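Attaching a single structure in structure tokens format; questions to follow.
Every chain is named by a letter (A, B and C) in the order it is written, and numbering of its residues begins at 1.
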Amino acid sequence: MIELEIQTGTKNELVDITLQVGDAVARSAVKSGICHLFMPHTTAGVTLNENWDPSVKLDILRTLDSMAPQRRDYRHAEGNSPAHLKAMMVGFSATVPINEGRLVLRTWQGIYLAEFDGPRKRRVLIQVLAG
Amino acid sequence: MIELEIQTGTKNELVDITLQVGDAVARSAVKSGICHLFMPHTTAGVTLNENWDPSVKLDILRTLDSMAPQRRDYRHAEGNSPAHLKAMMVGFSATVPINEGRLVLRTWQGIYLAEFDGPRKRRVLIQVLAG
Amino acid sequence: MIELEIQTGTKNELVDITLQVGDAVARSAVKSGICHLFMPHTTAGVTLNENWDPSVKLDILRTLDSMAPQRRDYRHAEGNSPAHLKAMMVGFSATVPINEGRLVLRTWQGIYLAEFDGPRKRRVLIQVLAG
């Protein structure tokens, strides 16, 4: 298992980690299989999306905010219930195929750490499975 | 494949199944790999979240209700369209890394069966893949 | 890796691909393991749901529309920000167990390509992992 450590910079943020994940795959020497990403956190997720126009990230974060508004009457005393929900919707794991030793991603398709309760130091666990 | 059978108790509920999944991993004798969970259902999902403060679960269920309200004008005659949607957003599978023969979960991070059309008897299919 | 090519027919659509995925599993000759599906796209996802009553699909698509409305003030100039968000919520990958050489799906449980920015030609990447 390879572990990335990522320092996020603000409360809600999509951090592009495509290059770091690609490095992990290259180091594994696996030519064909699956790259499994897992977040050992409950207020940040991992997902994929377009990495060309940064507006896409802003639109996604704003729409998630409209679905799980910060100001709702939540019970959870820490006040980060929207972060728990948003991370769950985005997902705590992602899997990407590996072919010829590289991640199979389309042009402009990137892998993102989805921070919803930052800034924090986050870990991403990477496993490369041959198959 | 290992199969859990879980009786849910109410319509919308997050049932903590972390211990049962951990038992399945221990029995598999796999030291390193991935634990794959799958729901053979369309109105219940499987996900992870904080298992310390029970308010988190309530806040999550209430916010999902606000996104897919029960009272909307749905076409599906069984009346459980919100359950289909909520299960899909939560997800029908989850994958957790295994290291040194144990699930790699952070403190307070638990695995949940997400019931949205209970009470029902639900099954969770568990596969442990070495890698 | 097996690749499906699917021509979608309209802007928002859930296309049942269960039979094609089942064929890919049969051709792989893997008796026990996992079937991994991946979308090399950022405005279409892959998920599971009921495939009996077509109203379920309509209700799901309409409720997703209410969560990420088309008319909101988005920054992304292409105008397809809702598609990026909906695909992310649905998910870009799905995993289904394989037992005795077949997908383990419940009756009426189907696998869907979730199109949110069609009509387009889409690809679904299928990997079958023994385990």
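Methods note: a residue touches a chain if its C-beta (ideal position, glycine included) is under 8 Å from a C-beta of that chain, and two chains touch if they have at least 3 such contacts.
These figures come from a predicted structure and were not determined experimentally.
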Same vs different contact residues, chain A with chain C, by half of numbers used: different
Cα-superposition angle relating the copies chain C and chain B, to nearest 5°: 120
Between chain A and chain C, centroid-to-centroid distance (C-alpha), Å: 20
Shared-contact residues (touching 2 or more other chains) in chain B: 67, 89, 91, 95, 129, 131
In the complex with chain B, residue positions of chain A that touch it: 1, 36, 38, 40-42, 67-68, 72, 74-78, 81-82, 84-85, 88-89, 91-93, 95, 125, 127-131
Chain B to chain A touching residues, read off their complex: 32-34, 47-50, 53, 55-56, 58-60, 63-64, 67, 89-91, 94-97, 99, 104-106, 108-109, 129, 131
